[in-house]
Amino acid sequence: MATTVLRPAATYRTGLYEWLTTTDHKKIGILYTFNSLILFLIGGLFALAVRTELAQPGLQFMNEATYNQMFTMHATVMIFWVVIPFLAGFGNYLVPLMIGAPDMAFPRINALSFWLLPLSALIALMGFPLGGAAAAGWTSYSPLAQSAFSKGPGTDLWIVALTLVGTSSILGAVNFLVTIFKMRAPGMTLFRMPVFVWTIMVTSVLVLMGTPVLTSALIMLYIDRNFGGSFFNTALAGGNAILWENVFWFYSHPAVYIMILPAMGIVSEVLPTFSRKPLFGYKAFVFATAGIGALGFSVWAHHMFTTGSVYLPFFSLMTFLIAVPTGVKMFNWIATLFRGKLRFTTAMLFAVGFLSLFLIGGINGAFLAAVPVDYHVHATYFIVAHIHYVLFGGSIMGVFAGLYYWWPKMFGRMLNERLGKIHFVGIFIGMNLTFFPMHLLGLSGMPRRIADYSPTAGWNDLNLLATIGGFTIAVAMLPFLWNILVTFRGGEPAGDDPWEANTLEWATSSPPPPYNFDHLPPIRSERPVFDQRHAADAPAITAGH
Amino acid sequence: MGLTAKRWARRAGMIAALGALAMVLSACTDFNVRTAMPPDAASVQGQATRNLYDIVFVIGAAIFLVVEGLILFAVLRYRRRKGDDELPPQIHGNNRLEIVWTAIPIALVLALFVLSWQTLNTVDAHTPTPTVRIGVVAFQWQWQFVYAPDGVNWQDCGAAANKGKCVTVVGTLPAGGDRANWTPPTMHVPVNETVELQMHSIDVIHSFYVPAFLYQRDITPRRDQVIQFTADEVGIYRGQCTQFCGLYHQFMEFQVQVEPRADYVAWLQQQLTPPPSPSPAPAASAGAPAGLPGASPAARASVSLALTAQGVAYDTTDLAAPANTPFQIVFTNNDAGIPHNVSIHVGSPTGQEVFKGEIFSGTDSRTYAVPALPAGTYAFVCSVHPNMTGTLTVK
Amino acid sequence: MAASSSALTPHVAAIGESRAHGQRGISNPILGMILFIVSEVMFFSGLFAAYFNVRLNATQWPPLVNEAPFAPFQIHHDIVLPAILTTILVLSSVTMQLGVSAIRRGDRTGFLRNTGITLILGLTFLVGQIYDYTQLGFGITDTAFGSTFYTMTGFHGAHVLGGAIMLSVVLYRGMAGQFSAKHHDAVEATSIYWHFVDVVWIALFSTLYLL
């Protein structure tokens, strides 16, 4: 049923001024998306620099000082200014629409949350012209990150920037939670919310409780570096380097669930639409998401197995256990595909790609839960493989699935499917080519964070292969960028519901009016738009909850 | 649509291509790609880890094949046929299935946990009577291995009373960063004996990793670590620092040489024999003018240069010395616990080495007797820290 | 379907009102403040975790300075002023709550008076804390003892300052007549924040001075 759009009043703000001052969650969601896209390209350039240098033994393109900045800033940018905000951006855009609300609970705080991001990114990147960006790794262990060993403002700028990102995240989490708890439309009970909204809810709890601990760690490090503090500074009496590791990882482990849960939520929306059947095991998904969130706070020290300062059996057990709810999700997704009628749009390809690649990341993660195995592969390229299979093969694939799926809703125009499929194939091949060899490199003992390596260690060919893969990914991004450009004005108009989807965002125009909904369909299940579309059909199909 | 069939062909082709690529690579690379296994264990503990890895690998591979197989099957079998607009059965879930695929993974991970905990107890087990104890000092960016005789604490090896009793191996970085003519420091150990490493870091967190032992341990300042291993295969195994420790982290390599006890003892003996006094610089081969006057005992060096190392840097980058005359460098190392020295190369730090002073840890000082050098420009550089360098003008 | 503003559903028309149509329970801003306080509790937890870690790993607490006990570290001997400050802060929570009760029953005068007293007590606490800093005899650079002490009390003081600013705003708005028995979310939210600041102080005082 088409929605009529009310004409905005003549005094409505337009243009650049509107975009700079908007408190509309949809525009803010789009701002998040473009900010993340730009920083994805920047973070990707840093990765290409790393891969170019490592393609062959010998330092050909840069010295160690530059290399160390490249991998530090690559990881920092990708985690804090790409993956987390990409997903927060989807949350911003979709959550009010999916629950039938007119906006987020605190629209002005929402705008603040966004604008802190480009500001903080600028601060962190300013390290480059000011004597060197942070170069102690994104994990910034002490004493290396102390002022004696990391001279210059780079690390301090990094600390300030991350504190601002943390503030942005925490405010966003408060916003999401109040919106979800208090602003659902009549009929939208918690167990009728789209799974994506559940994942944003659990993610927001993780952000709320984990990020402040990172903030405290960053502040303590800043005090050590600039005010003579001795929290982590082992050169001074009382300083404890392991304390940094504990406080840092207490946040940074839940951070990985912050980065994957909403992506899983996206996949949980895309798969049912293009399978033409509901998500299999909705309640199981909800409980599995909550379980991952809760367990996520109990595993942080698995990053510290090799320190000799950790109670190993507990953290090993919890790490093994977290595989269970993750597995439950994987089986439920596959069951959603089973006996469906699958349509392979680009969004669906990325969602299925997520399943294959995240599976690999989950399995190699299980290897790491076994402490003696971790003793062998910790801080080697095996870990780099694991990280990228879950964050690239998982989160980024989920982001692309979401982009192709919701782009028509956001901009009213369809993306070109052929270009999309080329993008997918390039990313899928490139990703595997880059990161699969890293399992082997790590198993044979190649450490991470080295600017160069011994030519006689047997690592030359796999490194070259990984670099070829890296450039494949880079080239594969070009059809996507071209796609955005050509369809912006000339793309096919999308209409309200181009995919025959299930959830409320498809019950309004594309793009939606500023107030989101002209009217809402009745909400009697987790698929209100599906129910409405099939209201005339046999009631058996629309068995409500 | 035709596009759908193309999609499948492309997918299948992709998988086949990757498989073929992997096989081609395994044939022409110098690493055994086919096995996706850790190196063959050269220690007893490493073998325990390897056994655990094999089990985890089989289970992981099985799960991968089954689940990936299910995905592939679903994607091929359930694709929408052209023109088919009918809805498939709208199945919402199946509680029994949920219980099954929750219970089985729980059982599986619990079993893996128990197995890995048992292996951990073997790998980290300590015997109170290791036959060899070696002190390991990690510093930016190399290693020091200290062998103390019975009755001497390796930390006391620097004391005057213990002079000549301990064997110390100090690693240096490759000159000019060129790995070609460089050997990492070697830790000799006897085969089939329990070796204990008492590890200490003087600056940042490092990590002692030997892939062939499938083992590593972080060394954090103020948290000395003690590990034990029993190497059971003779050979030379590479090792490297895995915990990112700053600028030259990539050069913190070392070797472990596992040998029969007799060879190990012979090596120790050889280290304890004082080396012959350093020979004069081979100036003739460097193309210097012939007839270089040798330093006569009476002609003691009259020129004395002062040089200090502090904060992993020299206090000056310009030194000058007279040509064709032996001279002295009074070298003061103010970095507590950090080894430095002065070495002299022709032209640049990668040039031919014409003098290498003893490496010693601060705070301490040495007077180096540098033999006569022909006129020219030389570089002086620390053998341990290649970023410490300067120019020596000889005229 | 004809497009006109009267076609908007009631819940959409109720944007901006915290008590939206059909909404029950606490209002959005108050729920938001509670969640924000959860995050603040976690922030202080990080600092407390650091303190306990540093303290339990130390061979001696308070640490020796130049191999000898350092007199200024014996802060549990000089707890008179901190105890007075604690009492002041607890009192300010009482007056804050009295102010909330007052506005809940529409007693604007009582609300203004109590809020004013709360603000004065809060500022007194801050001044007293700053004075105490000058009397302590050690700084942030004096071992981990100094680092943890000043960081924890310093950030608490910053939060008290933030609370004082909130109280000033609430006082100003109250004097401008913006609060009534039915609409005074900002007062409730500020009071919850103020109680949190007080509870953190009690934990800090007990941990740093008494333990």
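Per-chain numbering from 1; labels A, B and C assigned in written order.
The definition used in the following text is that contacts are C-beta pairs under 8 Å (C-beta built on N, C-alpha and C of every residue); 3 or more make two chains touch, one makes a residue touch a chain.
Note that the structure is a prediction, hence the values are computed from the model and not measured.
When C-beta pairs in contact are tallied for every pair of chains, the largest tally goes to A-B.
With centres computed from Cα atoms alone, the innermost chain of the structure is A.
Subunit B and subunit C, compared by their mean Cα positions, are separated by 51 Å. Subunit A and subunit B have centres, each the mean of its CA atoms, that are 34 Å apart. Remark: subunit A and subunit C have CA centroids separated by 33 Å (rounded to whole angstrom). Chain contacts: subunit A has residues 239-240 touching two or more partner chains. Of all residues in subunit B, none touches two or more other chains. Looking at the complex, you find that subunit A touches subunit B at residues 57, 59, 64-65, 68, 136-137, 141-144, 149, 234-235, 239-242, 275-278, 280-284, 306-309, 312-313, 316-317, 320-321, 323-324, 327-328, 330-332, 334-335, 337-344, 349, 352, 355-356, 359-360, 363-364, 366-367, 369-373, 375-380, 421, 425, 428-429, 432-433, 436, 439-440, 443-445, 447-455, 457-462, 465, 534, 541-543.
For subunit B in complex with subunit A, the touching residues are 4, 7, 10, 14, 18, 25, 28-31, 33, 36-39, 48-49, 52-53, 56-57, 60, 63-64, 67-68, 70-71, 74-75, 78-81, 84, 86-94, 97-98, 101-102, 105-106, 109-110, 112-113, 115-117, 119-120, 123, 140, 177, 179, 203-205, 207, 209, 211-212, 214-218, 220-223, 225, 238, 240-250, 253.
Subunit A meets subunit C in the complex at residues 4-6, 100, 102-103, 105-106, 170, 173-175, 177-178, 181-183, 185-186, 208-217, 219-220, 223-224, 227-231, 236-240, 243, 246-247, 250, 515-520.
Of all the residues in subunit C, the ones that touch subunit A in their complex are 1-3, 5, 7-9, 11-12, 15, 20, 22-23, 25, 28-29, 31-32, 35-36, 38-40, 42-47, 49-50, 53-54, 57-58, 63, 140-141, 143-145, 147-148, 151, 155.
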